[in-house]
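What follows is chain A paired twice: with chain B in the first complex and chain C in the second.
Our next item is the complex of A and B:
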């Protein structure tokens, strides 16, 4: 109900200002800019009583004032950044003006979007970070502000970038490290900081080798630890496919890595050819009785 | 006004006539649905009637009646008979209903006959056929069926150690700031894709790889685009895909468009999607003795062996078929109707179109499994 009244009042004031646009006398002295959350005053000229309206984004203020005296506004009166209109209504005459409320300093909060949260190792510009800078009233800080990005952790060297915001936004790109592990991605503006965790995981397999040995009536096949091209072991759960072909027949098994290796039993056929693959990467091949 | 009254009378008379006809000469499926029981079953005075009665009783799940009518019931218990038809462990059979049955006399003499009984069971993933060759013997003036019991193997009591491997996921909460981090969706990639003209429609086949280190629930959607860029049709792979992909696992997919000709298609927009899900790396299923059987009746047959300790309720087998140049030429699938017990082979056979079978040079089979009371 209160907000409806505020909007109605704001609308009426704006309409009055439109009608009275030609009656400006210049007696209203407004600051050009006001920092959000700071005290300020508006000086009027003349004598007698009047009503001063301040209309801005999501907010309307009304003051009964004495013309010729300054009107003071407390620090918390205006805290939404944006363009504000001021209208002084005295009897049938209206004066109006405008001023801007800008974001408070220093920046107090950051919205930090770091993507992706999980990526393969050794990717150039694979990690992107975007920061939106806000003041303590959640106003976007439009003024150019230095943002420091820092990616650290794991085995790789720490990467640092300093970027100026443009229209309240700063962004950068970082490389993922050569070794797997979690990395801290921190964005900082003054005392305000925000941290994201980036999980750097092994890349595509680069080393896949298996061996086979008799196991009762069957054949036990087992891989060596499967690694990517940087030497990182692929995580447990990665599927390794064993395929055995023999006289017109075939046996296959999709086996997850457990403790770094995949192992299973296959039928033992003399002369069978056994191959191993994970994803689209193919490992070695064994002719049962002869390895190549 | 008069015409309307005449029409009402005609409809009323026709309704009464149809009710009388339906009551006096009901079709078999109506009998089964009504559960009317033996009063509407035939007298077992001939081999065919005996088998038809048995099929009807199976359809009504009147196990006691069906069992009591068998000529060889001393060879097995009623429970074993029921388990033969519905499975000892939860499986597709457990939740199937008999859709129809078909008889084919193979041989007949004065005292004995052989009849092939085809039971067509319907399930949520489609129908499966259970074919039994029955011996029917004469006892006095009645005929009795000798049921060829298939006893499901029992797994001896034992402890099977499993290195339990599972992924669980915690997603961001609704109260988190919009900039807050969430878990990354798995990265998947289509590694192969071919649109082909098939029976006047378009079939899109391909393979999808989970190139991430986490499990993914995947789907593939395809949109056929005309020369002017407009969408002709959109379909997804439904169950012609393995929806759960573990890290570095590859699944085939097949998307069928029945009402669009390939000549109308200018391009295809593929939309693979992946969602991070909680999943288990077990059970491991080995696919043994895969054989490509040539036409007529071309098929890929083999045996599934559950290498884990957990009983698998439903197994879905997907076959990917390649020609001599290694190009994907077909994707087929089959659900296995019996539960997979540990270390116990279960056969499967998926059919292939005859014209495709002649082109196939190699194949790859994969399985997706579902266990009762647990997803994957």
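Our next item is the complex of A and C:
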């Protein structure tokens, strides 16, 4: 008895609260908008029984109602945002209306896409982040919302941007750090946050220099540690190519970097030219007998 | 008196059901859609697939067949529409959505090319059917936001949501 009274009282309060934002279509009094997942009521006029349809792509409800009395909808009854039609069918007469359900607040989930997951160091605007903001019912939050983007970790200053969503989406671009390593890319709206890890790897080689020395009947060639323009060592496994030309002949050796350097033996021909390259970057050249 | 009314209603229902005239489509010029330039071919494909998705949505809701959404929808949009269809089936009702006009504007193309957002001011008629009986017909003008993502062969609708105009 007590709970029935409380429910009735709650319903009356709810109906009174909605009165200001209500719209009347014939005998149907509908709210203009309803926040997803909140209780609301629809008031009808007249007497007798009728069927009330609430129809939209996101949800559909049907209630047998008593005309002249408010029909209460509990929280969660209608939780998908969208445009809804209300049709009140009583015998052969029908009354129609419409209202909107908007996303619930606060935002509860982020769809965060950060690209690429791996990139070279020192790239301006090399990292992009896109966030779609959703409520707890997976409705896109269309009201402008502040999204904070933060890129941190590894060596280098933390980068922060605050962007306002437009139609539920916000995006930004960040620079990759000068030093290699993993970075945390975080997007945050209120208490909702999403993190992506970005791997920053050395860029193109910028320093490639080799030396040669006799090694028995052969020539031992070895690079200095191979680095990019920011001083990051290129990863082990990067292929370095040594090429030796002599008397119209040619020898080539592809050698992976090991602990930052590449070394191998080449035939020792007096007057041979030995060059070194990795990718499209060419290092120094040695004229066996004199170095250039 | 009731018979002529029934005939008029049936005629209207038949016109509605057979009214397969393609909707009028207007595409707003897109000067900028954010961080990524939009190629004409992409724009054409997105609009084509979105309009096809409306047809798929309409068929699925009219027949209460959620599997008809598979071709054009994905993610949350597909889950929500499919849940509505299941609810319709449980209640024994159908809904007919007939889009008559779309005013489309592409508003955002993400930098990595993995999502595109459009705003559609759409006009459509909705019929609510209880069994075979048309309960009501309403004309609607609404502003829809859709987010589409590329799949192997087409753009699929991932977010499909109307908002207050």
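The criterion applied here is as follows: the second predicted complex is superposed on the first by the 266 of 292 C-alpha atoms of A that agree within 3 Å, B and C clash if a C-alpha of one lies under 4 Å from a C-alpha of the other, contacts with A are read in each partner's own complex, and residues count from 1 in each chain.
What we mean here is this: contacts are C-beta pairs under 8 Å (C-beta built on N, C-alpha and C of every residue); 3 or more make two chains touch, one makes a residue touch a chain.
These numbers come from a predicted model, not from an experiment.
A.B. asks: In the superposed arrangement, which partner chain does A:171 touch: chain B (first), chain C (second), both, or neither?
C.D. replies: So A:171 only meets chain C here.
A.B. asks: Looking at A:55, would you say it contacts chain B, chain C, both, or neither? Reply first, second, both or neither.
C.D. replies: So A:55 only meets chain C here.
A.B. asks: Could you tell me if A:287 is touching chain B, chain C, both of them or neither one (first, second, both, neither)?
C.D. replies: In the superposition, A:287 contacts neither chain B nor chain C.
A.B. asks: Considering only the touch criterion stated at the top, classify A:113 as touching first (chain B), second (chain C), both, or neither.
C.D. replies: both
A.B. asks: After superposition on the shared chain, which partner residues are touched by A:209: those of chain B (first), chain C (second), both, or neither?
C.D. replies: neither
A.B. asks: Can A:201 be said to touch chain B (first), chain C (second), both, or neither?
C.D. replies: First partner only, chain B.
A.B. asks: Touch test for A:132: chain B only (first), chain C only (second), both, or neither?
C.D. replies: Touch status of A:132: both partners.
A.B. asks: Look at A:218 in the shared chain and tell me whether it touches chain B only, chain C only, both, or neither; answer first, second, both or neither.
C.D. replies: Touch partners of A:218: none, neither chain B nor chain C.
A.B. asks: Check the residue A:89 against both partner chains and state whether it touches chain B (first), chain C (second), both, or neither.
C.D. replies: In the superposed model, A:89 contacts chain C only, not chain B.
A.B. asks: Check chain A for residues that touch chain B in one structure and chain C in the other, and list them.
C.D. replies: 113, 116, 132
A.B. asks: Of all residues in chain A, which touch chain C in the complex?
C.D. replies: Touch list, chain A to chain C: 32-33, 51, 53, 55-62, 80-83, 85, 87, 89, 94, 96, 98, 100, 102, 113, 115-116, 128, 130, 132, 138-140, 142, 166-169, 171, 173.
A.B. asks: Would you pull the chain C residues touching chain A in the complex into a rising list?
C.D. replies: Its residues touching chain A are 34-35, 57, 61, 76, 80-81, 83-84, 87-88, 91, 93, 95, 97, 107-108, 110-112, 114-115, 117, 119, 126, 128, 130, 135-136, 138, 140, 142, 145, 147, 159-164.
A.B. asks: Spell out the residues on chain B that touch chain A in their complex, using ranges where they run on.
C.D. replies: So the residues of chain B in touch with chain A come to 163, 165, 167, 177-179, 181-184, 191, 209, 211-215, 246-250, 281-282, 284-291, 302, 307, 363-367.
A.B. asks: Residues of chain A touching chain B in their complex?
C.D. replies: 111-114, 116-119, 132, 194, 196-197, 201-202, 204-205, 234-240, 243, 248-256, 258-259, 264-267, 278-280
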